[in-house]
Each structure stands twice: as structure tokens, then as C-alpha cells.
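Below you'll find the structures, each written out as C-alpha cells.
Each of the two complexes below includes chain A, the first together with chain B, the second together with chain C.
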Partner chain A sequence: MNVLSALVRRLLQLIGVMIGIAIVSFLMVHLAPGDPVSLLAGDRTNPAVIAGIRHQYGLDLPLWRQFIVYVGNLMHGDIGRSLRFQQPVAELIVRFMWPTLFLTGYVLCLAIPSTMALAVIAARRPGGFADQTIRAIGIVGLAIPVFWLGIMMSRLFGVTLGWFPVSGYGVGVGDHLYHLFLPALSTAIWLVPVLTQSLRAALIDGTNADFVTAARAQSASEREIFWKTILPNSVLPTLNLLGVMVAFLIGGAIIVEIVYAVPGLGSLMIGALLGRDYYVVQGLALVFAMATVAVTLIVDLLTAFIDPRVRV
Partner chain B sequence: MSAGTKPPLLRVEGLGVSFAAVRAVKAVSFELQPGEILGIVGESGSGKSVTCRALMGLLPGAAHATGSVTLEGRELLGLSEQAWCAIRGREIGMIFQNPASHLDPLSRIGTQVAAPMIRHLGIGRREGLRRATALLDSVGIRQPEKRVHSYPHEFSGGMKQRAMIAAAIGCGPRLLIADEPTTALDVTVQARILELLRRLNEERGLAIIFISHDLSVIADICSRVIVMRGGEVVEHGPVRQIIGQPRHAYTRLLVDSQPGRKGFPPPLPAADIAAPLLSVEDMSVVFPARRRPLIGKAAAFQALDGVTIRVEAGETVGIVGESGSGKSTLARTIVRQNRPSGGTVRFDGEDVPALSGKALARFRRRVQMVFQNPYDSLNPRMTVTDAVAEPIWRHGLADRRSAVKQAQALLEMVELPSALRERKPHQLSGGQCQRVGLARALALKPQMLVADEITSALDVTTQAQILQLLIRLQRERALALLYISHDLAVVAGMCRRVYVFKEGRVVETGMADEVLSAPRHPYTQELVASLSHLAPATAGTSRPTGNCHESR
Partner chain C sequence: MMNIDPDPIPIRGFRPTVSNAIAIAILGGWLIVALAARQLAPYDPDAVDILNMLAPPGATHWFGTDQVGRDVFSRVLFAARVDVFLCVSGVLPPLLIGTGVGLVSGYFGGAIDGLFMRIYDLFVAFPFFVLVLAIVGVLGPGLVNFVIALTLVGWVSYARLIRAQVLSIRETEYVQAARCLGYSPAVIVTRHVLPNAIGPVIAYAMSDAVLVMLAGASFGFLGMGAQPPNAEWGVMIADGQAFVQQAWWICLFPGLAAVSLGLGFAFLGDGIGQIQRRQVTA
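Let's turn to the complex of A and B:
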């Protein structure tokens, strides 16, 4: 009941957020320097042709009329045609989205179990040997730039040892897993330390909480206390952080996708930006924003599921 | 009493607990008979809580316990964790000071009450819940069938403590350790929890070790008492004897520090002038509800409803009420932290909410506030001298150098040792910090002081010192004092008139001794009845009126 009403409330808020995103992405593209028409027609076309193309794309209309047309099209799910690919942007994005989503899921599968394990080991004896070691390695993982790590790993494991492919996406789930292992690993290497530090701190706080003492006074076993009391109470801050990170991964796996030539949204974005493919950039901005909103919503629902106090 | 022929339920001999080099508990010995209620009293840091944690085997890893603790002849110290698990919650139950933080916020009350029974008695989840419902019923929670499914945040403080008690007694332990179980609760709620513990003691023969810093609560429920200080037992005996003829100097101090115990000089009669210094008339404060689109139906919260009070110049007026009764809202509205949504607040004839500019600055100099938590109300990065000097130069009453000089004089006046004056607040004790808070409030030479629960975070002995100081300052400087507290005994001891607040309204008002001796409103009667008193040491004073007559 309460979760449902929270959901309704969030979906209503979503409308405002979407309007904001539409305005910002529209303005960003239209106020940016450069001209899509010259891209389509080439630099040396005569002015009459350019004017014709402008008219065809509605670019000669005032900005506010263009925006109304844009919003009208959005309502029908039409977010424009790519100038370069000459395909609907929506189709394009859907095609490029799967590798990115797969990669994100893959990263989570690698990162979440290792985060849990490392944080628990580190929190067991704060300041102990294990804790210090995990922290030190974590800092190294954070400090190494992803592009450098990506290049080094593809050289070592891909070229020198020949264990993994260095580019592409493959066909079929097994092949995807095989192809995307190195990209997922290089992403997980900086993600895990961030999450581990957050979860470790929360676990240490949780261990000293009063209700843990109370549970001990009722002679709950340490295992039971950890799984039923400390962990659920500690996981929320990290869950929220993870949400931010996932949203970031969906929109920001650019470097990894370029280094490993994964045909994902990041590659599409770079191509569109370099080629001034306006409508693709606009559509991607919209999709990234929606993904962020959706991930936040999912995290909030999970939070409400775990914590009864936010179900209000 | 302890010389019975029965073997004791619990025998503690030479118990010592040390944390690395610090000895927190030194050679504590006592015995507890089955069905007895034993009190342990002492101020914070006296080692009483550590002693009880040692009895439960709940000491932190760094602590080292020596001596002997036997439960029905069985040695407990040095038991393995596994052996402890068979005792904790089964043979010995424990409840804690702050029930809000000791319940897991994420799991249902029923689950938490049932957990120890499922663990120890080998019953199933369904049977556990059924028994939890029965337990909640027996600790006085209404609609237990519904309430087992509630979460802790849906319970009030008193209900949470009842749930903790239910969880602790579920397996039928012989001994309950209660570590300051009512300190975080309102007096009326405290009285009901004590009543419940007494009933459990009688009905189930449950022996209780009751820890408190409040001697009057101990006197109310216990038959024997141990007085602890600095990790040692300084006195030990039947309650009546400890309170009637305290032998140790510290026990005497503790007894004398009880609110209303020591006669304060009689409050000054107010000059009968037509215009009061502060007059609040028919004031209401409404906090708007949180807006919730579409499903929003949360009503606005009325914190104060038609409150009328007046304070004459130089008069001490008390405000009493439980938490949530609107007494702090009143204080905050008087000093313009809230806006009244109806009625008037006048200070010396001026309309307070309408003040601005110079008149406002003048009002702020004339009315000062002292807060409940001295640590939170002082800037942690300033030395206490700077903290006291700040308002003086900020109001342009002196340059910075002479402001510091004045601050020194003020700290002298509140009896803060000069060695402590360059310290930061966290390097001071609570009582010292509250002295600084007082000095800062007096820095602007106000005509009126609003003191909001200024002693409720302090030990009884410290509280008595601060009150003594407050009374002295008030008389020396002819201050009007609005003293807000949940503790009727304190208020009645030092105030001339009192207002009793409940749910945002004034339910009773009058001269302090009249309200205390002949309360008319049912709530005030409950409040007076729930005052726990020391057994009258001075002969012949009847229960509720004793305090007042002493202070006459």
C-alpha cells in the first residue's frame, strides 16, 4: 500500500523531471556551436540548397516553435533521425543499448560479491592487517586511470597471453561474457574500492549500534546478528551509492567502450559528438537522464523494501 | 535481609573490570536473593553500567574482568561464548536506557520479541509470534494482535521500553538487569514502567538489578541499594537506611542533591506592578503539514493552542510538561525562533513578533536563552572565554579586548575554575559546560532568562549545583526566569508559580506549592503521583507536600 503510493508519487515527480530534461537537452544541442546542415550538405553547397535543407528539417523556425515540434514528436516516441546513419534515433539507441546494459550488469555481478566479501573482511578488525591491505590495494585501483589499465590489460591478456579477445561484443550470451570480461574487470577495479570503503564504514558503525548489543544480550549468535541485523542496517548508504554508480556506468562507460571497441552507447555518443549528429546526442542525453531517474527510482524502492521508516 | 538461609541467586565477589590500564570497576561484591530488587546508584562514570555488562558477559573485547560471578552456584566469568549464549536471554534478561536505539529499526516488534524464545525454547515462528502477542499484552500494550506487526518507529518511547521488557522476559529468566530503563522517558511514563517492573517482580518472582543515577527512582522500587563511585562500592544496605542515615559523604551528597530535597531560598515575591515583563496571550503555534501531492491528507500540527502566561520582573516561573507538550515551542516562540500563528507575545509592552531593527537588537539583549544540551549550544571551535565574549562585542557593548575581560569576570561568577577558561567545550564536563552556557546568557545583562531543560542532561549532583548557581544569579541580578522542565520536583522547588502543559495547552496554573499539594487537573494529579520520592528522612512531612514546605 504505502510502497504503491510512494511509487505513484515518484512517477508524478518524474513528469517534472522529464520536462526539465527535455528543455535542457534541446537547448544544449541548439545553442552549441556548429551547424548540422553543413554536415549533411557538405561545406561547398550553394546557399539555396542549404536553405532548402533547413526548411526540410524545420531549422528555419524560431527556437520556441522548434521546441514545440520537438516535444510533440517526443509524445509520439519520435526522437528524430540520425543525420549520419539516416535511421530513427530510437532504433539506433536501442541497438547500441544492449552491449552497454550487458556490460553494466556484468560489472555489477563482478563488483557486488567482491565488495561484500572485502568489506566484511575489512570491518571484522578495523585497522587490522586485512583492513589495511584492502584499503591500500583499493587506493591503487582507484588511482590507476581506466584508459591506461584498459590498454595494459588488453595488451597483456589479449595480445601477449591471448586469453581474452581485445575488442567487440560477440554473438550469444556466452560469447558476450567472454568478450566483455576485460572491460567489465577494468571497470570493477575502480568501482569495488569505492563501494567497499562505504560498506566497511557502515558495517563498523553497525557493529557498535545499541540494537546489536541488545541482540547479543538476547544471545543471538554472531552469524545471526551479522546477517539479520548488522548487514540490513548497513547496506542502505552503499545501495544509494551503487545507484549513482550504475547511472554513471550507463552513461559513462565511454572510455572502456572505446578502449575495447564495444559497440555500446558510449561509442555511439562519441561518434555522434564528433560527427555533430545532433539528434543522436539529444536522444542520448534524454536516455541517460531517464536511465538515471529509473535507477534512482529502483534504489528508492529497494530502500523502502528494506527500511520501513521510509515507507511513509 | 541478605542474611537469609536461601542460597543467593547471584553472588558477585571481588569483580574488577579493566580497560588496558584503566580500572573501571574495582573489587565490587554483592549478593542478590531470588525475587529481590537491588538498586545500583551512581553518577555517570561510576562503573555501574560496566558492572552489569560484566554480569551479562557483554564487555567489549578490550575489557578484562577478574573476580567471580556465580549464578545459582555456577561460575559465569570465563565462560565460552557458546555457554554464554545459553544464559543470556534465557537465565538473565537485560533492558537498556534508550529503548529507541536498542530495537532494530528494520524488523517488526513481534519478530524481535519472539526471537529469544525461538532461539532458546525451540519453538516455531508461529508459536513465537503467538507468545509474543501474549507477552505484549502482559506488559500492557493495547491491541497486541495488531501491534506485533508494527515497526519500532511506530511505537512511543514507553511502548518501546515495554517491548524491550517483553523480549527480555519471554524465556522466563530468573534475573532482569535494567540499565537506567526509565532515564530517557517522561515522568508519567517512568512511573508506569516502574509499576510494570514491580508487578513482574511480584507475579513472576523476577529478581531485578535496577541501575539508575536517580536515587528517588531507586528508593521507589528497590529494597536494597548499592552506591557506586569511581568503580567502587562506597555504601551498601537497605534503601531506608542508605537514605535515612547515609554514612558515606558521597551518599549524603547524592541524597541532598535530590530535587526539592535541599531548601532553596524562598523565591522573591513579585512586585505587584500592573504591566508584566512578559505576557503571552492566547498564543497558538501551528506547524504546517508536509505537503504530499495527491495523497496528502496529513493535518497541520498544532504545537501550542491558546496559551496564556505572564512573567513579572524578577519572578521565577516554571513550565512543566512531558515531551511533546509544547514547552520548548513556547520558549522558541518567545525568543522569536518560531512565529506564533495567533495571539500576542509582549515583552515590556512591546509586540515581540513585530520587532525589527534597533528594537529587535535591544529585545535580544534583554531576553536570553540557556539550552538543554550545553555541548550542542556552544561553538566547538571556540574557547569558552571567546564563546562568552562573542555576544558582548557582537552587540557592540565593548571592543574585543574588554569583552574578553568581561567574559573572564562572568566565568568567575559562574564559578568556572580559571584553569578551564581557555578550553574548548568538548574538554569540559557537562556541568562545567552548562556553567559556560549560563555565563554566555548573562553576558548581555538580560532582564529575563529562558532556561529550557538546562539540567536534564546532567547528573543529580551536578544538577543540584547548577540550580543553586542559577538561583543565586537570579537573585543577585533580579532576573526574571522562565524555567522549563519535565521534572515537577525541580520546578516546584525553585519556582513561585508554575504552568502545567499538556498537548499544547496550559491545563493548570497557580502557586507552585498549591499545584503540588492540591492538583486539580487529572493530568497534574498523575504527574504529582508519579513523582518518585525518597522515603521521608525528615520526620513528619507528607508525601507530595514535603518539598514545598521545606522550601518555604
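Let's turn to the complex of A and C:
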């Protein structure tokens, strides 16, 4: 099967998923107990006014008609309107998006090199002291609540030692890097153990593979074997895991943004949830899901690019 | 092939590793604390003592007091009731539902399996935390709604895991033999397939328990889970955050409690994983 038809098949499958996402995010708001309109207008408003608003928002139509309107709006890039901000959700998301993207990228920049280093050290002697230590620290890293670690680190490094700012986003790239260091570190501490264990296992498997023996028989140096043979063959499972983890990374970012008062999508989401601004929640869920789908697709394509045997 | 042995293997020959011993001690300890919080706590967790606000840790208040003079140690113990309960009620329902669906989907295949795989594709598209958060937001904050949301989202991973196991087990010789002997599908699935498919699920449930505990504390922290003035670790940390500059102990101790409970589950999962790997290679 050639790459193009595989890609088309994958895209068709994604369209199915995207329709599903639209249905779920639509139902999320419409099956909710409580009426967004009476929240908007207040409980003691005249029923006629409420009926008027319902009509204005199209909430008096049957459910399936509302869904068709919703999908039609999605096609135009209209993912709803914030009741609280009185602004299109898409504009809000674009406004709050950059700190989150920057933070996610920052986390990856911290996590990927340390994962590589730790996994290589651990895989050198499986079961050895370094390996056991890295595994134990990894288990601890997984059990720490990110938000608590964030608070404690900002107390220690921010307040007591004064090395880093405790909140905010700053102005300019350098300032962003400085402001977001603690948030990114709190998240990376949780991400690195997961990736390290995966890469370590793959490296150990790779060391015993037949093609390594073959490379050794061809008198390649150990250094060459590691960088050119073992490593490229071992990164794929970890790359796929990283794709899955991006979804968790987004969840982690929400919490961390709250702790460090970073004005990103997480702050927007929590604000919308507590303010019962359902359309913002709906829009964000939709955008997060679409982003996850996009990341999965990119990882699949990268996999196919790195490993010609895999044809998605 | 792994699992040629038709007997249920995960329990037999259980030799606790160091990890398991530590884990069982931690989890047992927290279970006792949760059950006997009333007897163990030196103070009423909700008793306000304005004369002793923000008292640092010391002989009378081991973990200090919070902004209204409540004893942090007693509150940490009482919060264990909520958090231990959360781990159980956040893991068991998804595990049971997911196992049922996964068994049926994997063993019988066909349209049910196709439908399940579509549902799975859909669920993995949503970031776990975002979906749970959105459902809780829509249902309204609170512990019960948090558990409902976790169940709605969590069962899919269990089902997927068990389905993958069942797909390989269904072709093994002992299952074919059982089929030839004329056992009903219900008997084959419950007596032959399930015991051999459940191992990885148990290991996963442990890491899931860590995730649920962290999510529960996070939701409490965000004001979407347990509601104040109820003692819950995440809620306590949220309460203490405003005072963290003067009184670090309000935040520190509930967090350490959460870490230790998480470690208990993580080490147990790790130990179970080791035992399973040992059995596969043996």
C-alpha cells in the first residue's frame, strides 16, 4: 500500500473522529442541568425576556436542528460566543493561546534532552545502581501533585531564594523563558519519568537486536552502533508515547497555569468553568480535542518518515 | 507466547518484592488512618482556634495550625478518608465497566467491537483532564460528580487494555480446547479468558489510582472536587496557598500526604509489574 492511500485512509478516519468530537462537545452543553440563559439573564428575569434570549441564541429549536446549526457554525470557524466576555470564543482562545503553547514547547525542550540522557544512562547497565535510582526517582516524580510541587517550588525558589518570579508571563521571549521556568520545570518533572521508562525499555530491547549483532559483525564501533543503529530504532515507541502524553500535558498545563497565574488557556478554562460560561468550556474542549488529533496525526507522519516500514 | 498456563496466575506464587512490601505498608497505614481518623486525630479537624492562628509546627500542633487555627495534622488525617475513598471509587467502577466491555468486545468481535473501537478513537481524542474537567464543570462541582465524570471517561482505557489481551488469549490452545469441550461462551470468558487477561489491568489500575488521587486533589485544589470546609488534601493546599509565605506548613503536609499515598500505589503497581515480567520470562 502506498503512502498516499494510507494517508487518505487516515484522514477519513480522522473526519469520523472529528464528527464525534463535535457531537460530544455539543451534547456537553445541551445535556447540562441548568439553563445557561437564566444564568446570563439572572434568575428573576421576566420569562418573556428569557424566551427572547433563547430565540436569539436558537435554543428554542429542536436538538437536532441546533446541532446542524452548530456544525454549520463550526464550518465557518465559529465555535460559539462567550456569555461572560461577550466575545467570540475563537478570539478568546487566540488571545489566551500563546502562553500555553509557549509553556508546552518549553516543557518539551526541558523534557526531551533529560529523557534522552537519563534513558541512555539507565539502559547502559539494566538493573545497575544508576538504573534503579533513576527508576525510583521516576516513581516519586509520578506521585507528586503538580500543583503542590508548583506552590512549594515558587515558595522556595521564588520567595525564599528569590531566583525566579512566582507568577505571570512577562514580556518578550527572554522574559517568558524566565517567568515560565518554574511552571515548565514542575510539569517536566512529571513527564520525564514516563518517557524515560519507555525509551529505556526500547534501548535495552534494541541492544539485543539482530541488526546490532550484524553491525558489530561489520566491525562498527560501539559509539557508531549506538547513535546510528540502536537509538534511531528505539525512539519510535517513545515518540508515539509523547504524542499520547501531549494530551496529558495540556491537562498538566491547566493546573500549572493556575498555580503560577499564567494567563493561558488553562486559566481561561477554569475561569469559564467556575463562571459557568459553558460555550467557552465547549469551545475549549473542542479545540483541545482537535489539537490532540492533529498531534496524533503529526506523530503518525513522523513515524512513517523515520521508519519506512511503518505505513500508517 | 505468554500465558500458556490456563490457571489464573497473577496471585499464585506471590512473592512480595521490596517494592510490594513498602507499598503494602504505606497503603495499609493510610487505610487504617482513613478508618480510624476520629480516634487518631488529636483535635477536632474543624475546631476553630483564633488564639492559635498560623502556629508553626511544634509539640502541641505537630503540623502547625492554619489561618483559622485548625490543627493541620488532624485535618490531614481526616482528609485521608476523602482521598482514600476517592482512589477506590475512582478506580473500581471504570475497572469493572471497562473489563466487561473489553471482554465482550474482544471475545465476540464483530459490530460490538467496531462500535467500541469508534468510541475509543473518540475518547482518546479528548485530553483526559480536559474531558473530566468539562463534565464536572457541566454537572457542577463536587465529589460525586467528579467520580461520575471519572467513570464516564476512565472505563475506555480499561476496556482497550483488556480487549487487546483477549484478542491474543482467544486464539490460545486452552481456549480452543474449552470451546471444543462445549463450554458456553459465558463460562469460557469468565473462567478461562478473564483470569489470564486481568494481570496487566491490575498493574494499570495501580497507576490509575495514582492518577485518580492526583486528579482528585487537583480538582479539590481548583474548587471543582471536594468542597471546603471539608478536609481534603487538595482543598487544604488551596486554602493554604494564600498564606504560603508566612505559613508553609499548611501546604506542605497535605502535599506530602498525597505524595506518600501516590507512592504506595505506584510502588504496588511497580511490584506487580515486576512479578508479571518475571512470570513471563520464567
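Note that in this section the second predicted complex is superposed on the first by the 300 of 312 C-alpha atoms of A that agree within 3 Å, B and C clash if a C-alpha of one lies under 4 Å from a C-alpha of the other, contacts with A are read in each partner's own complex, and residues count from 1 in each chain.
By definition in this document, a contact is a pair of C-beta atoms (placed from the backbone, for glycine too) under 8 Å apart; a residue touches a chain by one contact, two chains touch by 3 or more.
As the structure is a prediction and not an experimental result, all values here were calculated from the model.
Novice: Which partner chains sit in contact with A:R9 here, chain B, chain C, both or neither? Use first/second/both/neither.
Specialist: In the superposition, A:R9 contacts chain B only.
Novice: Looking at the overlay, does A:I250 come into contact with chain B only (first), chain C only (second), both, or neither?
Specialist: second
Novice: A:R155 contacts which: chain B (first), chain C (second), both, neither?
Specialist: So A:R155 only meets chain C here.
Novice: Considering only the touch criterion stated at the top, classify A:Q56 as touching first (chain B), second (chain C), both, or neither.
Specialist: In the superposition, A:Q56 contacts neither chain B nor chain C.
Novice: Looking at A:Q87, would you say it contacts chain B, chain C, both, or neither? Reply first, second, both or neither.
Specialist: A:Q87: touches no partner chain.
Novice: Determine, under the contact definition given at the top, whether A:N73 touches first (chain B), second (chain C), both, or neither.
Specialist: In the superposed model, A:N73 contacts neither chain B nor chain C.
Novice: If we overlay the two complexes on their shared chain A, which of chain B and chain C does A:P145 touch? Say first, second, both or neither.
Specialist: second
Novice: Which of the two, chain B or chain C, is in touch with more residues of chain A?
Specialist: Of chain B and chain C, the partner in contact with more residues of chain A is C.
Novice: Which parts of chain A are touched by chain B and by chain C alike?
Specialist: Touching chain B and chain C on chain A: no residues.
Novice: Contact residues on chain C for chain A in the complex?
Specialist: Touching chain A from chain C are residues 118, 121-122, 124-131, 133-140, 207, 210, 214, 217-218, 221-224, 234, 237, 241, 244-245, 248, 251-252, 254-255, 258-259, 262-263, 265-267, 270.
Novice: In their shared complex, at which residues does chain A touch chain B?
Specialist: Checking each residue of chain A against chain B gives 5, 8-9, 12, 209-211, 213-222, 228-229, 232-233, 306-309.
Novice: Show me the residue ranges of chain A that touch chain C in the complex, using the header's touch definition.
Specialist: So the residues of chain A touching chain C come out as 13, 16-17, 20-21, 24, 28-29, 31-34, 135, 139-140, 142-149, 151-152, 155, 159, 244, 247-248, 250-252, 254-255, 258-259, 269-270, 272-274, 276, 278, 281-282, 284-285, 288-289, 292-293, 296.
Novice: What does chain B use to touch chain A in their complex?
Specialist: Residues in contact with chain A: 56, 58, 81, 84-90, 93-94, 96, 98, 101-107, 115-116, 119-120, 151, 153, 164, 167-168, 292-295.
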